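Chains here go by letter, A, B, C, D and E, matching the order in which they are written, and residues are numbered from 1 within each.
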Amino acid sequence: MAKEMKPNEIIQSINYTPPAKPWMELPVEIKPGMFCWGAKAKSLNILGLPNARDWNPSHEDWKLPENWKDTVLEGMADRLKKYRSFKLFMDICVRCGACADKCHFFLGSGDPKNMPVLRAELMRSVYRRYFTTPGKLLGKLGGARDLDINVLKEWWYYFFQCTECRRCSVFCPYGIDTAEITIMGREMLNLLGLNIEWIAGPASACYMKGNHLGLEPHTIKSNVEFMLDDIETVTGIKIDPPFNKKGADILFVTPSGDLFADPGTYTCMGYLMLFHELGLNYTWSTYASEGGNFGFFTSNETAKRLNYKIYAEAKRLGVKWILGGECGHMWRVLNQYMDTWNGPADFLEVPRSPITGTVFENAKGTKMVHIAEFTADLIRHGKLKLDPSRNDDLVVTYHDSCNTARGMGILEEPRYIIRNICNNFYEMPEDTIREKTFCCGSGSGLNAGEDMDLRMKGGLARANAVRYVQQRYGVNMLANICAIDRAALTTSMNYWCPGVGVTGVHEMVANALVMKGEKPRETNLRGEPLPAKGGEGNV
Amino acid sequence: MLDKALTGSKLYWAWVLFLLVLVGIGTAAYIKQFNYGLGITGMSRDVSWGFYIAQFTFLVGVAASAVMLVIPYYLHNYKTFGRIVILGEFLAVSAVTMCILFIFVDMGQPMRIMNVVLHPRPNSVMFWDSLVLSGYLALNLLIGWANLHAEKMGVPHPSWTKPLTYLSVPWAVSIHTVTAFLYAGLPGRAFWLSAVMAARFLASAFAAGPALLLLLALLVRKITRFDAGKEAIQTLGKIVTYAMFVNVFLLGLEFFTAFYSHIPEHMASFKYLYMGLDGHNKLVPLMWTSSVLAVVSMSMLVFPQIRRKEKLLAVACVATFISLWIDKGFGLVIGGFIPSPMDHVTEYWPTGIELLITMGVYAAGILVLTVLYKVAISVKVANEYPAPLKGAVEEAH
Amino acid sequence: MYNGGKIIIGLAIFLGIATLPFFSNIGTAVKRPEPSLDTPVIKEVQAQLGRKDVCVEPKAFMQANHMRLLNEWRDSALRQNKRLYISSDGRKFTISLQNTCMHCHSNKKEFCDRCHNYMAVKPYCWDCHIAPKERGGQS
Amino acid sequence: MKIDRRQFFKVAGWGAAAGVTAMNVVGRFGSGGRAQAFESMETPETVKAKQFAMVVDMSKFKTKDDIQKVIYACHHTHNVPNWGNPKDEVKWIWTDTYKHVFPGQESPFLDEAFKEMPFLVMCNHCDHPACTRVCPTKATFKRPDGIVMMDYHRCIGCRFCMAACPFGARSFNWRDPRLALNMNDLNMEYPTRTKGVVEKCTFCDERIAQGKQPACVEAAPAGGLVFGDIDDPNSDVRKALARTYTIRRKPELGTGPNIYYVIGGGETNAG
Amino acid sequence: MSAFVSFAAVVALVLLAILGVKGAGLTGLFGVAIPYAALAIFIVGFLARIVKWGRVPVPFRIPTTCGQQKSLPWIKQNKIENPSGTLGVLARMFLEVFFFRSLFRNLKGELREGPKIAYGSDKWLWMAGLAFHWTFLIILIRHLRFFIFNVPPAVGLVERLDSFLQIGAPLLYITDVVFLAAVLFLLIRRFYIPQVKYISLAADYFPLFLILGIGCSGVLMRYFLKVNVVGVKNLTMGLATFNPVVPQGLGTIFYVHLFLISVLFAYFPFSKLMHSGGVFLSPTRNLSNNSRIVRHINPWNYPVHVHTYEEYENDFREKMKAAGIPVEKE
């Protein structure tokens, strides 16, 4: 792995003025620290994806099949017939440039090919050459170019430098969504086995074992039991959560990241405590133990295959409806794709909160409710006893995940919860939150270790906004509702604005939650002492 | 930043809608005037300028008053005004907008308005007035917007606004001086033919403008989270006090010159305004109202104890404003035409249509002010109170 | 087609707008207006000069430029007090819309209005200038 | 052929330079066919002067009718509307009493008949007119022959000139003047005005160009109105001024009015 | 380079029209045949392009949500930016098409000392875009007077308002000035803003130069060079009534103007200008975010290989039993 860049090195390297040389003549340079390892043969084989072999992107030879060009072009032709978005977005861009400085990778790297428009042009240029008359006739003058190995490498390099966050799409006058183009680009690359291991590995694990981390059923249970011990230490309450329980009302699905590593595990403890306090008749599943979907970063088909388990498990267990935990791309998939892929979920009931009686009309098709919706409803109805002062040591700001913001629109629910569970809440600058929120820099399967430079560059924009509120209001905690965020932002905060921690909203909920029969709490879930009661908060 | 004006509470939208309705009514009235001719107003061959030009004259003063914030803040580094200097600048933008609209509705041939640019006569004061007014509009909009934009970005004010700000100081003086010259340079109009005209204009402007600004600052504090600050308001109060006294002093000079010299044509208009002439006295009650209010305001303002009580200060400012509005937005212009150069007395009173159009222009100006203030205050408040912004949750209820 | 209904409605609207001119003229008899030169004065001048094209400037020029000529005329007469126009063929004319132009073209309706109506142009000349009295009263 | 296109292409100020250049390059592509010279000159019969002036001798007007004739001649010639009310009133020449024509100069002991005597008043065509000074568009301007001219095409109706004129000589078209004109009794050789412009006496500039005297002068009794070049010592005006004592309206304002009034009627030996 | 080629292409088109009309006298070709052909290409091409897009399915609901979703009843939904019904979508599309809603949001990111990325609103593109498109529309409407015999009063009203300011004769249209200024701005920003310059293709410069050429030739024709406008309408009415006539002596500038317009029309369906039709079809804007409420069908949905629970339990049955997790088959 390459020597990581220091923050000031990154800052100094940023230059938004493009080079003199036209981009088509600028050969791609696969820079260490800016890419992830290639997908291993093993992973691709498990998923049954083509051209499975071990390869190294930094080597000259990518071990491609003879007819790789035809494969790509056929793949493109196929997708142009299947996705109106793809076809349309190839055709109607006017290159106004409004998207250029909206991309966190461009803001953090200055690489002109990270401007969304240019990222799309990487593919459009090939599209024009092979699929449009002017492109065929005019060639380079018509913005067209041949598909050769360098172009292919450029695609790979830059389509795995896009986190599919859709921020550019918010500003585009025609709604051109570079994520759609990246998704198509990655599909075509996958036809040649050109995935990255950080995606292919988790996807294959998820396929076989039910979750990205490859946690086997007993491991899931024992991981949860560790958390239960911790919960008991903090609250004195012993919780016994059900697994694969038939006849439960609700199936709970959350990203497996919450089961595995800090600070996600604290969020997971939050779920456990909340459900226990409510006396909810629910169940975990070890089979559908993954809300997230790295298949989505591979291909539509793979995503569908991974997503299958959720409805299948709900059917098997005979639950009434499904509750989903805090996760970003998980919710993009659940909101926009799941029902189309694997629906209809007619064996489930329209979700109804057993506690408040609220019917979640907005989920009457998929029968799947976001936990922020669920908890907000509880708080609204006064069903939770909360002591926000337990979070008084926190000065909180909230990060909207790209997917829940721009692929769903869940903006107010988490804020409503936060306002009820803590006393010090500050918003980041308005151009960096809600639908204009910045990606953590590591989404869409890019949160590996080897592409740290890329991730830190991509995380600059988000971290910079956090730093602003950190310096101004002493913000020390970044709340979010995304497992990738919890992992990626922890790194990014340490790098760009040390002193800011990362938390899931439900960790804070659990800390504020006054449970029946609990012992006086002395520490929060992380084992840190609670702020002195009645003392002046550091407002 | 403009998007800030597109989101707001129900009250905000109701207010905007209300103003739009008034603008609509004013526009309809204007179309009627456009088709009928200016004969639909109360103006006549003898009183050939009326309410429109009088309002224009008054509002130039309001616009010029922004300089009373700019000078202390930028020239004397008086930081207290840092928070409200933008309110002054945007008030100027709104006032100049109204000025331009009032001139427009007063034109007999509005479609030829560009002739002023296409066939300029540089020795016409009106040509200069159009130049300085549009320049002042551009200056304030540019400076105000750019600095606000920088504040929103959280970066220092762009350096190019600095020289423009300095330029805006003499420019503000010039708009009112030039407007005074519209009147002060006319032979045969003894009432206006006075060397202190420009000085009087400025003095009244620096009383009326800051008085309005002070009231606006209080209003803004009441309905938004933006507080101009006690000290800023007190300083404004002081400015109003000084300016009002200077203004009345200058008016006194006019009286002395006219009546001690006892030259008939110099006395005539004063007589008409305050006592009536040849049995014509339509404006007398108004002028005395103005005088009484002037006395009331001065006797309140002069005592710091009263001034320090914001409610009383507000009352004094209302009195100041109304007094000066009558004096300049009515008496000064109409008075100059009565008696006519041939010593006839033709009285003037605005007609319904004229008042509706005036209302429409004011509504348009207030709309501009509302939008600009909404943007400015949203930016300032967002900068100062990033804590739990009212979300959609509260709004739904 | 997918979402065919909506797309076809959209396309129909597009087609309607794009071909609007073709439809809007159905049933109207379109003829190029022929401004009439049939006035006694013009006849007389034509006879005198022994040619058809007798206006202050050649017909082709006047067709394209009369409005500009009038604009120049008014400035010349009113602002410079130059009221005598010397045409390109050396003839002299008093500069006056009302007294020179309309003296010959005493048939405003058959002359000016024909083209102006055809082109949907409403010049504001007649706000002030008095049109000649013709059959059918005032214009 | 003389090419003087500058005159033609003086359009609108904007883009003039670019326009002219472009036109010189592609000038032949218009359908005018040929480049056209614009040439105009003064009419040879134009009455010339350095400063026109008029002497008004009210003593020559014996009857009211004499005065009415003058007013009618002017107003009819110029299609001046008769509104019949002071609010919309438009007038180029009219009468008023001594007190109003010469305000400040009346004495309490003035002869009753004199007090009531009408004086014809009109634009004074001043040497230093306040109205032209203030006009922002040059719609009113002083011609080289001294006439204070009105260009109705250019007037924007701001009425600054009305405020500036110390003689009340200017009228504004508060409404469409044609509503107050007998459309069957118009002077077909003179335009009307449109609403929203200012108008006034122009010393019959259109008649001067034809070598004629102003309409009022023609209609007045002999010697009642004398018109001519005040710069020319041999002109009728100068002769009339030499003959008798005359006064002007408000000379103290320095505008230099060029209408002279014979007061008292009798000839005196001035000096 | 691509800018120069585009410029040269437009110049060549102008020269072509001049040579064709003035040199070769091909007025019939340039006055009738080419315009008809261009219009035919435009209409057929436009329809074909839309149909081509229309034939591609929209497998998934992928609206870009720019506001609060429909959620609990007490949370205020942003019905326009995150519509859950047709009305909201219509409103969203209306704002997008007529007021360029998305571009209105435009920001400019700057890297400052600190380091600090500062965001400022940047509405110039939005303003110029609005000015350009709206004036273009008004100009098109105005031109209807050449194509409709009895000019509708609405067109007359638009024209009167547009020429409200009495400048020159014929009267200056305000939109002409704004239009040219906007086109120039859009062109200049392509040269001036480094990023935009970097991404610009010939396909970006060419239409701008072409439209500028159309604007300039129109302005030259109306205000400076002058043509016999009655003759022009004679020709255009001939076109509109399928009764083509080619009047004599129309002036080459007219043919230049008409030819450039024809080129624009013919070029339109093959170019990025199709964004005008495409924006209506954009799936990130014209779909409601109701995919959790209503099932959306993917027409080409096909069965895929899955890893069933059965297979899963087979893999882990013993471990599950040992951990006390219930299993289907003991």
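One rule holds in what follows: a contact is a pair of C-beta atoms (placed from the backbone, for glycine too) under 8 Å apart; a residue touches a chain by one contact, two chains touch by 3 or more.
Everything numeric here is computed off the predicted structure, so don't read it as measured data.
Participant: When you check each chain against subunit A and subunit E, which touch both of them?
Facilitator: B
Participant: Using the touch definition from the top, what's the fewest steps needed to get from subunit A to subunit C?
Facilitator: Minimum number of steps from subunit A to subunit C: 2.
Participant: With a step meaning a move to a chain it touches, how many steps does the shortest path from subunit A to subunit D take?
Facilitator: Shortest path length, in steps: 2.
Participant: Counting contact pairs per chain pair, which pair wins?
Facilitator: A-E
Participant: In terms of Cα-based centroids, which chain occupies the most central position?
Facilitator: E
Participant: Comparing centres built from CA atoms, which chain ends up most distant from subunit E?
Facilitator: D
Participant: Which one of the chains is farthest from subunit A, going by Cα centres?
Facilitator: For subunit A, the chain whose C-alpha mean is farthest off is D.
Participant: Quick one: report the Å distance separating subunit A from subunit B, using the average Cα coordinate of each chain.
Facilitator: 55
Participant: When the C-alpha atoms of subunit B and subunit D are each averaged to a single point, how far apart are the two points in Å?
Facilitator: Going by mean C-alpha positions, subunit B sits 38 Å from subunit D.
Participant: For subunit C and subunit E, let me know how many angstrom lie between their CA-based centres, rounded off.
Facilitator: The mean C-alpha positions of subunit C and subunit E differ by 37 Å.
Participant: In angstrom, rounded to a whole number, how far apart do the mean CA points of subunit B and subunit C lie?
Facilitator: The separation of the two C-alpha centroids amounts to 48 Å.
Participant: Please set out, as single numbers or ranges, the residues of subunit E touching at least two other chains.
Facilitator: Within subunit E, residues 56-58, 68, 74-76, 78, 105, 116, 119, 166-168, 226-228, 231, 249, 251, 281 contact more than one other chain.
Participant: Which positions in subunit C touch two or more other chains at once?
Facilitator: Expected reply: 2, 60, 63-65, 68, 124.
Participant: Find every residue in subunit B that makes contact with two or more other chains and list them.
Facilitator: Counting only residues that touch two or more other chains, subunit B contributes 109, 112-113, 118, 154, 392-393.
Participant: Under the touch definition given earlier, write down the residues of subunit A that touch subunit E in their complex.
Facilitator: Touching subunit E from subunit A are residues 11, 14, 16-18, 22-23, 48, 80-85, 87-88, 91-98, 100-102, 107, 112, 115, 117-118, 121, 133-134, 138, 141-143, 166, 169-177, 180, 207-210, 216-218, 221-222, 243-246, 286-287, 300-301, 304-305, 308-309, 312-313, 316, 334-337, 339-341, 343-344, 358, 360-366, 368, 373, 376-377, 380, 405-413, 416, 429, 431-432, 434-436, 460-461, 464-465, 467-468.
Participant: Please output the residues of subunit B touching subunit E within their complex, sorted ascending.
Facilitator: My answer: residues 1-3, 109, 111-114, 118, 149-150, 152-155, 392-393, 395-397.
Participant: Across the complex, what residues on subunit E touch subunit C?
Facilitator: 39, 42-43, 46-47, 50-51, 54-58, 144-145, 147-152, 155-156, 159-160, 166, 168-170, 226-231, 233-234, 237, 240-243, 245, 247, 249, 251, 277, 280-281, 299
Participant: Okay, in this complex, where on subunit C does subunit E touch?
Facilitator: Touching subunit E from subunit C are residues 1-4, 7, 10-11, 14-15, 18-22, 24-25, 28, 30, 32-33, 60, 63-65, 67-68, 70-71, 115, 118-124.
Participant: Quick check: in the complex, which residue numbers of subunit D touch subunit C?
Facilitator: Against subunit C, the touching part of subunit D is residues 1, 7-8, 11, 30-34, 36-44, 46, 79, 141, 143, 145, 149, 151-153, 183, 186, 188-194, 205, 209.
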